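Several structures are given next for inspection.
Two complexes, one shared chain (subunit A), two partners (subunit B, subunit C).
Right, the complex of A and B next:
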């Protein structure tokens, strides 16, 4: 009991700490001061009156949403004495594997840089800056020569690394036993089995209504759809994050989706956010990064050729270029097994004081990265909001799809979950595929890494991503 | 020998020929006995012209109405719609209601248009009312975006002024006739790009009016960003969305565009995978997600409305020959207030395919069209009632069926205004089920 209590107070302290630095705190303070003018606030019962005022005016809800948001993102501390690496990734061999993978990527990037004699970063001359500013909304019409650039890595390279992952403490032995992994992933991670999944995903059961199935026109809308839409509108009116997350487990009506996602991710477009985005844009204009060319290449290779997303090509540049300069993204490395790559000012290799994170947000894009953003363009047409939503989706979910960790939503677990489920419930299919040399994971890996973006029709993809948000977990991708 | 439909075509396109062959039909020449003739618009003119004295027999069907140009020529379409509106106004129909500015509430779906040189003076009056507006000049008789240019100064169209002494080639022949329409300079942009809608509508008879809309229409996007700035007037890439222009590319010199088609050159910007096209379903998803469900449904209802109204407008003058059916390509632009505008109707929508998806779509389009026009794939009898059973509609859905509508009572007509669901009117069937299965690409 005591342990729980002290855990709880630790969590509360952490959250308070975090929120104190946020804009919401300043706003609440201002509101509290302003409310002193109101007649119903009396000096004797100051605390209760202000609390009451907050409740009525909706500020309490906002605070609730913020707390909920923090809880969703930040992992719970396991032990007060745990070192920070453990927060990132408790298993040592995983950390090591992630570290060596990162070294490889950085090496690849540096060698491309040397080969092409292009600096990792350079300041743009004023003429070029002006030109870019003019072309900001139509960067897609630019046709820079990208033939010499290659994506730093593709999902299949990453898969190879995962296949070779081994737990040094785990001795499988050469003899086949029921513990042998027949799939590609050879690490013994705990993944949910069907009964656990059933419990976790209870709202996806056959007896509960779902959008995407129960709103097809053979089913009269009175049965489910109308009621569901009505509840959705109510949830939005209440502006309650937690309720929205619960609601969206059954799918979101198309018209409400954009607002629901913003509510769940706790994104509201404040002037500061727009200003921040504009600042990032200025960064892009002033400096040119090598990573930019990688982004260009990726968009041209993937989204531009996609039936659904080619229209939004220019938005993708606007979001991704800004994303790579956003240092606030570095915050997510505290709970990700990955670490941002470091680069050194020319000539000062190894000297820490001359180290910078490269790219500024620490994320090196790989082949297909732009597809994380593309489906969001169907929901948000205002660049700074689109940007915020994407950034939040990335630091909550997408980063797990391309880093090595033992987290249940991490790609390794997802792969293992996929293979286990397939083996257990469709053994004939699994065995057959294995026999013909087509390990099923090889086929489904790229689907999972991209969260199915580009592989599923957009309306269904959005329904899938509804569930990711609803359950705050990527496990549905494996299911 | 009996039973095999004999077909002829002027248009050598695989999507047509494959459809004929898969039905086991037999190809013949036009001099022989034929049952089904997929004609070009030139042929239909000669078949039905008084000189040739051609008579179609009961077992012969053609794919055009004799005077389809009442709908498909830009000037005649506008003329017919204007006439239709005046008629409704005269009989006091509520459909012809106007707002306080004198604009029709329900029938204002064609941008302000004038015929040149006939209405030149009227046009000048209108132009002077809003001198900063842009207008688009289109030759009446051409297709695929040929000969189109934009103007924003009267001097640019001096040639068409009726009493101009300097004009040396103002000819009164209809070949040189142009229409000039107000250019919609606030189109709805998606991803910053301008697009238009291409919808296929099949008409099996005009009196009673029976028409079907193909559910799989598409949006055609421009490859270049849209800017309403006047310096861009010359860049026809931006303004015209016909795939033909996007494909071959046109470089403008100021004022008129001298555009010659180059059949097989490929523009680098043109993408072979998606062809710059979106399905109407994508459009719907995007609009519902970003603008809301009600306004999106209203938009689509309005689109259906304007198609039906345009057909009703020409129905009285159409030669409702029982040997004929026609599949039209409707071009519609949506402005940023989500109002649809009818730009033109094509009698011979392009059957060329720019991408694999396109080929499949057009193949299915012809397939469904033939299923409706030639029931059971058997030798046609043009005296049949032209009422196909629901199962053969395929991807078509009934847009308007005058017989059914009239059967429901005359007061339905009054209720059939935009913004209201087309459900009660004319037995329009609901979507026959969206796919429930996962759609993999």
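Right, the complex of A and C next:
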């Protein structure tokens, strides 16, 4: 009991520390000062009266949502003797694999730089800055010559790395044993089996109503749909993050989806957020990065060719270019197994004061990266809100899909879960595919890495992403 | 509670196996590690910390110092503590673990020697052990302060003089002022840790190549 109490106080201290630097803290402080004018706040019971005021005016709810959001995103404080790398990824051989994968990416990017003689980053001349500012809303009309650029890596390269992942302490011999992995992934991670999945995804059972199935035209709306929409409106009126997350497990009505997602991810468009987005836009205009060309190439190759998403091409540029300048994304590397690439200002190699991260957000886009943003464009039309939602989705979920880690929502676990489920449920299909030389993971890997974006119709995709938010886990992608 | 590390000597692991180690097919599933404390007198154990490496179950036996001249016996103080919920998979395989005095089955005063018995029933792993073993004892208690008598037993005050009309009661005022002072102290002590969003160095972000280190 002593241990649990000290763990709880450690968690509370950590969350308080994080929230202190946030916008919400400043707003609460301002509200508290303003509330001193009110007649019901008395001096002798100052603390209790202000607490009561916060409860009535809805500010306590906002604080509750912020704390819930912190709890969902950040891992619990670990053992005091554990070094920070352990928090990123506890298994040593996975850390090593991620490190060597990152080195390969860096080499590839560096060789592209030297071949094309383009610097990684440069300051734009003033004329070019003006031109870009004018064209900001229609960057899609630009047709730069991108034929020499190639994506840094594609999902199939990443799959090859995962296939070769081995635990040095594991019996990897040729003899068949009760635990031989028949699929491609050879790492013995713990994945949920069918009974555990049934328990975890209990709201997706056959006896519970679901949007996407029970709201089709043959089913009368009185059975499920009307009630569900009514509950949704109530949840939004209450502005409660935890309730929204529970509600969305059964799917979200299209009209309410944008607000529900913003509530769950704890995004509210404050003037400061719009200002932050404008600041990022200024950064894009001032500096030109090689990563920008990679983003251009990726959007032209993937989203522009897609029937559903080509209309959003301009939005994609606006979001992705700003995303790569956003240093707040660096915070997620504390709990991700990946590390941001480093570089030095020209001429100052080795001097620590001139060491910077490249790109500023530490994330190098790969082939298909822009598809993470594309479905969100259906929900949000205002660039700064769209940007915030995408950033939050990335630092909560999408980063796990392209880094090597042992986390249950990491891509390695998802692949293993997929293969195990297929072997259990459809063993004949699995055996047949294996016999003809087409391992099923090779087919489904690209679906999972992109979270099915581009492979499912948009309405179905958004229902799937509803469940990702509701369960705070990517395991549904493998299911 | 403070704790002080106790220097210990960890002897090499001994595998327990039936039959000859060289000729038998399987790998040992039980390892024993002895921990002695050559330079320290019998002490009270507070905490044991280590990093697991694929050990599934841990049993600890302790030999304590007895005041009479009977030979010290081995007593089990932790039985089959589970480190890996599923011995065949990686969960918990490389975690950092702390074991405290209150989790032990017996009293841990006057410890002479420890014996850690590691078990890994799964045949899938090539080796298993525990690393970075640290033993801690109770740290020195904070020195107790003796208050002067007049501070701990204040003299009861005499009847206060009758209040002037219209002024608030002094004890209420003093309690309010105390509360406000406490709030201001809290505000002064806290400081926000805000992030600066700049990614360039003095406006310059000219980069050539990425660095590999």
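Throughout what follows, the second predicted complex is superposed on the first by the 471 of 479 C-alpha atoms of A that agree within 3 Å, B and C clash if a C-alpha of one lies under 4 Å from a C-alpha of the other, contacts with A are read in each partner's own complex, and residues count from 1 in each chain.
Criterion: a residue touches a chain if its C-beta (ideal position, glycine included) is under 8 Å from a C-beta of that chain, and two chains touch if they have at least 3 such contacts.
In this text, all values refer to a predicted model and were calculated from it rather than measured experimentally.
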Practice problem: Once the structures are superposed on A, label A:456 by its partner contacts, choosing first (subunit B), second (subunit C), both or neither. | Solution: first
Quiz item: Touching A:360 in the superposition: subunit B (first), subunit C (second), both, neither?
Solution: second
Quiz item: Touch check for A:167: first (subunit B), second (subunit C), both, or neither?
Solution: second
Self-check item: subunit B versus subunit C, judged by how many residues of subunit A each one touches
Solution: C
Quiz item: Once the shared chain is lined up, is A:274 touching subunit B (first), subunit C (second), both, or neither of them?
Solution: neither
Quiz item: In the superposed arrangement, which partner chain does A:308 touch: subunit B (first), subunit C (second), both, or neither?
Solution: first
Quiz item: After superposition on the shared chain, which partner residues are touched by A:146: those of subunit B (first), subunit C (second), both, or neither?
Solution: neither
Quiz prompt | Residues on subunit A engaged by subunit C in the complex (per definition of touch) | solution = 2-3, 17, 20-21, 25, 43-44, 46-47, 78-82, 86, 90-92, 103, 106-107, 109-110, 113-114, 119-123, 167-171, 177, 179, 187-190, 276, 279, 283, 287, 325-328, 331, 341-346, 349, 353-358, 360, 406
Quiz item: Which of the residues in subunit C end up touching subunit A in this complex?
Solution: 49, 51, 53-54, 85-86, 88-91, 93-98, 100, 102, 123-128, 132, 134, 172, 175-176, 179-180, 183, 190-195, 197-201, 204-213
Practice problem: Provide the residue numbers of subunit A that touch subunit B in the complex, in ascending order. | Solution: 137-138, 141, 143, 213, 216-218, 253-255, 257-258, 304-308, 310-315, 377-381, 454-460, 462
Practice problem: In the complex, go through subunit B and note every residue touching subunit A. | Solution: 190-193, 221, 224-225, 268-269, 271, 273-274, 276, 278-279, 281-282, 285-286, 288-290, 292-293, 296, 357, 430-434, 436, 438-441
